[in-house]
Amino acid sequence: MIFSLAIYGAPFSSQSSDTAYQFACALLEQGHSLHRVFFYHDGVYNGSTLATPPQDERNIPASWSQLAEQHGLDLVICVAAGLRRGMLDATESDRWEKPSHNLEQGFTLSGLGQLIEATMVSDRMITFGN
Amino acid sequence: MIFSLAIYGAPFSSQSSDTAYQFACALLEQGHSLHRVFFYHDGVYNGSTLATPPQDERNIPASWSQLAEQHGLDLVICVAAGLRRGMLDATESDRWEKPSHNLEQGFTLSGLGQLIEATMVSDRMITFGN
Amino acid sequence: MTEQQPDPKKILFLNRRAPYGSSLPREALDAVLMASAFGQEITLVFLEDGVFQLKKQQDPSNIEMKNFSKTFGALALYGVESVYVEQRSMEKRGLTLDQLLIPAKIIQSSELGALLEEQDQVLSF
Amino acid sequence: MTEQQPDPKKILFLNRRAPYGSSLPREALDAVLMASAFGQEITLVFLEDGVFQLKKQQDPSNIEMKNFSKTFGALALYGVESVYVEQRSMEKRGLTLDQLLIPAKIIQSSELGALLEEQDQVLSF
Amino acid sequence: MILHTVNRSPFGSDCLQSCLDIATIDSGVILIEDGVYCALANTELTELISTALTRHKIYVLSPDLQARGIADAVAEGIEAVDYAGFVELCTQFDKVVSWY
Amino acid sequence: MILHTVNRSPFGSDCLQSCLDIATIDSGVILIEDGVYCALANTELTELISTALTRHKIYVLSPDLQARGIADAVAEGIEAVDYAGFVELCTQFDKVVSWY
């Protein structure tokens, strides 16, 4: 079955991205397909490569990134929500003349259309709210 | 009178940092002293220099930064809460071997002791919750 | 945006938050507009504090925010005409249909269940 | 940390959130420990879902989080002994004092007002 | 004497109720952000608010009322203030307790 | 047939109540994160839950129960599942609606 996930909670603050991550692992384990994970609202912070939790604690952005690499996942951060909140890739950083960028490997910035497209083509769209 | 503010909400998502900012402007206008603004929990995102809202909308980190420059404010981001969530200055970025840093001018990373010290020495500590 | 898209789906947006305190209502509305650009069959439901999103006379200029409620008026132009407000949510808050920015149908919570069942997907905000 | 500090203040921490769903309870506890390191006169109050923070047997290993509730056991060593749980919050949730990790005094909401008034500052979490 | 701030809607949160349960007589309450919905006249909370007004002075942040389009629907006895008024209230009471 | 997820405590949020008001008979409810407090036996919500159980199958996410130290206090009739079980439920129902 084809799943997509929408995540609206900030990592380390709200449990929603933790739950979504465990859910993603479980569905992949069962052989389902994960079409897209869409990060919106405070969920965009899941894509920060600068997140530096204590070394004996989970690193949520790094976990997503590893999962994406293993399974070829499409991790999309809403570009409008992300820019507003300071989640930039190299291209956006250049465009807006910002001093740096902070997007973790495996994540991409893209439009809200990716949420709608995922909703249209997936058998199940699961929202993990904040 | 000596005020300090504690801010726990993410900018652009929760109204709390907007309210705190307007409150800070109003108290300074009245000639009160603002000992410290302490950013904790998701409030740490107020210090992102990468925040890029549409140009006709408010830029909360930039507003804090300007207010700090005008009035010599002490804008402190809790270092533990900030590191976890990916708010780094140059020093922390080097220490943790991260590819970049993203702290807006006028903000500093410091310990939770700064919240307690502010609570001790201020006539009023006002919490702006998330 | 229209080339080779899958068939339109019935998508319901469930809005339960008051405006301005959280940015979620505004972000939900952006998603609604996008879904309409994709030609989906859209239903909007306002429940609990979500009904406040449709209150007339909003003016957030003194809190330095955009008045996104103006966009509700444009929804009909985008072909979004299926708009419901839940009855008890309105009553509890002392709201009546004439205080709302756009025409909306009153729906009871018992009818909402069936409306949700008819959809292909439900997006909660 | 103790040189030339101002006099100790009476600081009350008001805890109203359940653990794990939000990180605020954990961050509140860090602030309590810091206040105790500064030698302040600390009072902890657990109200509403905050009383769940003190529930015995917490084990978040399967949600990949730290069991910060263990730290409550150390509070007495830090000199934090003034711990209250609000009566109706406990009752509504079916909780009794013997289910809590540490000794706590039951307080009624009507008495809480006076307790708050005695403080120099109140920090809400 | 305490000034309590309430920033959540009373319909989906316990903030107002808990604050009123605890607030001693003559302490103040200021409604901010989504808390301004507490100030609405003619809701299912009308009774709660009118009782509260016999014990407390209740204020509401006017820019937040305007934002939400409810400035003309405020229950009688509740006083609207701007940010400057909010600051003044914080100085008039001994301390501030936030409910959020 | 819908599977509803509830991730907030029932004591400070309307999520559970609204979900139950709307859910058609035979739809499912899964309690996750702070929503697992809905599953507690012997609270002021016992009546609401036992009525709900006559109309719905109610599940609760077991890692979240354990985290909160309430795995042995769950009301009878509520079924604990792990993340794999959560995924399976999502496939068994036609769609998923989130209450948060």
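By written order: A, B, C, D, E and F. Residues from 1 in each chain.
We take it that contacts are C-beta pairs under 8 Å (C-beta built on N, C-alpha and C of every residue); 3 or more make two chains touch, one makes a residue touch a chain.
None of these values were measured; they are calculated from a predicted model.
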Item to check | Target subunit E, source subunit D, minimum contact steps | outcome: 1
Checklist entry - Which chains are shared contacts of subunit B and subunit E? => result C, D
Next on the checklist: Once the contact rule is applied, which chains count as partners of both subunit D and subunit F?
Outcome noted: A, E
Next on the checklist: Ranking chain pairs by how many C-beta pairs touch, which one is first?
Outcome noted: A-B
Next on the checklist: If more than half of the interface residue numbers appear on both sides, call it same; otherwise different. Which is it for subunit A and subunit B?
Outcome noted: same
Next on the checklist: Can you compute the centre-to-centre distance for subunit A and subunit F, using the mean CA position of each chain? Integer Å is fine.
Outcome noted: 26
Next on the checklist: Roughly how far is subunit B from subunit F, centre to centre by C-alpha average, rounded to an integer in Å?
Outcome noted: 38
Item to check | Gap in Å, rounded to a whole number, between the CA centres of subunit E and subunit C | outcome: 28
Checklist outcome for this item: In subunit B, the residues touching two or more other chains are 8, 12-13, 15, 19, 22, 41, 125, 127, 129-130
Item to check | subunit F residues counted as touching two or more neighbouring chains | outcome: 7, 11-12, 14, 33-34, 63-64, 95-96, 98-100
Checklist outcome for this item: In subunit D, the residues touching two or more other chains are 16, 20-24, 48, 63, 65, 121, 124
Item to check | Chain-to-chain touches, reported pairwise for every pair that qualifies | outcome: A-B, A-C, A-D, A-F, B-C, B-D, B-E, C-E, C-F, D-E, D-F, E-F
Checklist outcome for this item: As the complex stands, subunit E meets subunit C at residues 7-9, 11-12, 33-34, 37, 40-44, 62-64, 66-73
Item to check | Residues on subunit D engaged by subunit F in the complex (per definition of touch) | outcome: 16, 18-22, 48-49, 52, 55-63, 65, 69, 91-94
Checklist entry - Touching subunit C in the complex: which residues of subunit B? => result 12-15, 18-19, 22, 57-58
Next on the checklist: For the complex, give me every residue of subunit B touching subunit E.
Outcome noted: 1, 3, 8, 15-16, 19, 22-23, 25-27, 29-30, 32, 124-130
Checklist entry - Within the complex, which stretch of subunit A touches subunit B? => result 10-13, 41-42, 45, 48-54, 61, 83-88, 92-93, 96, 98-102
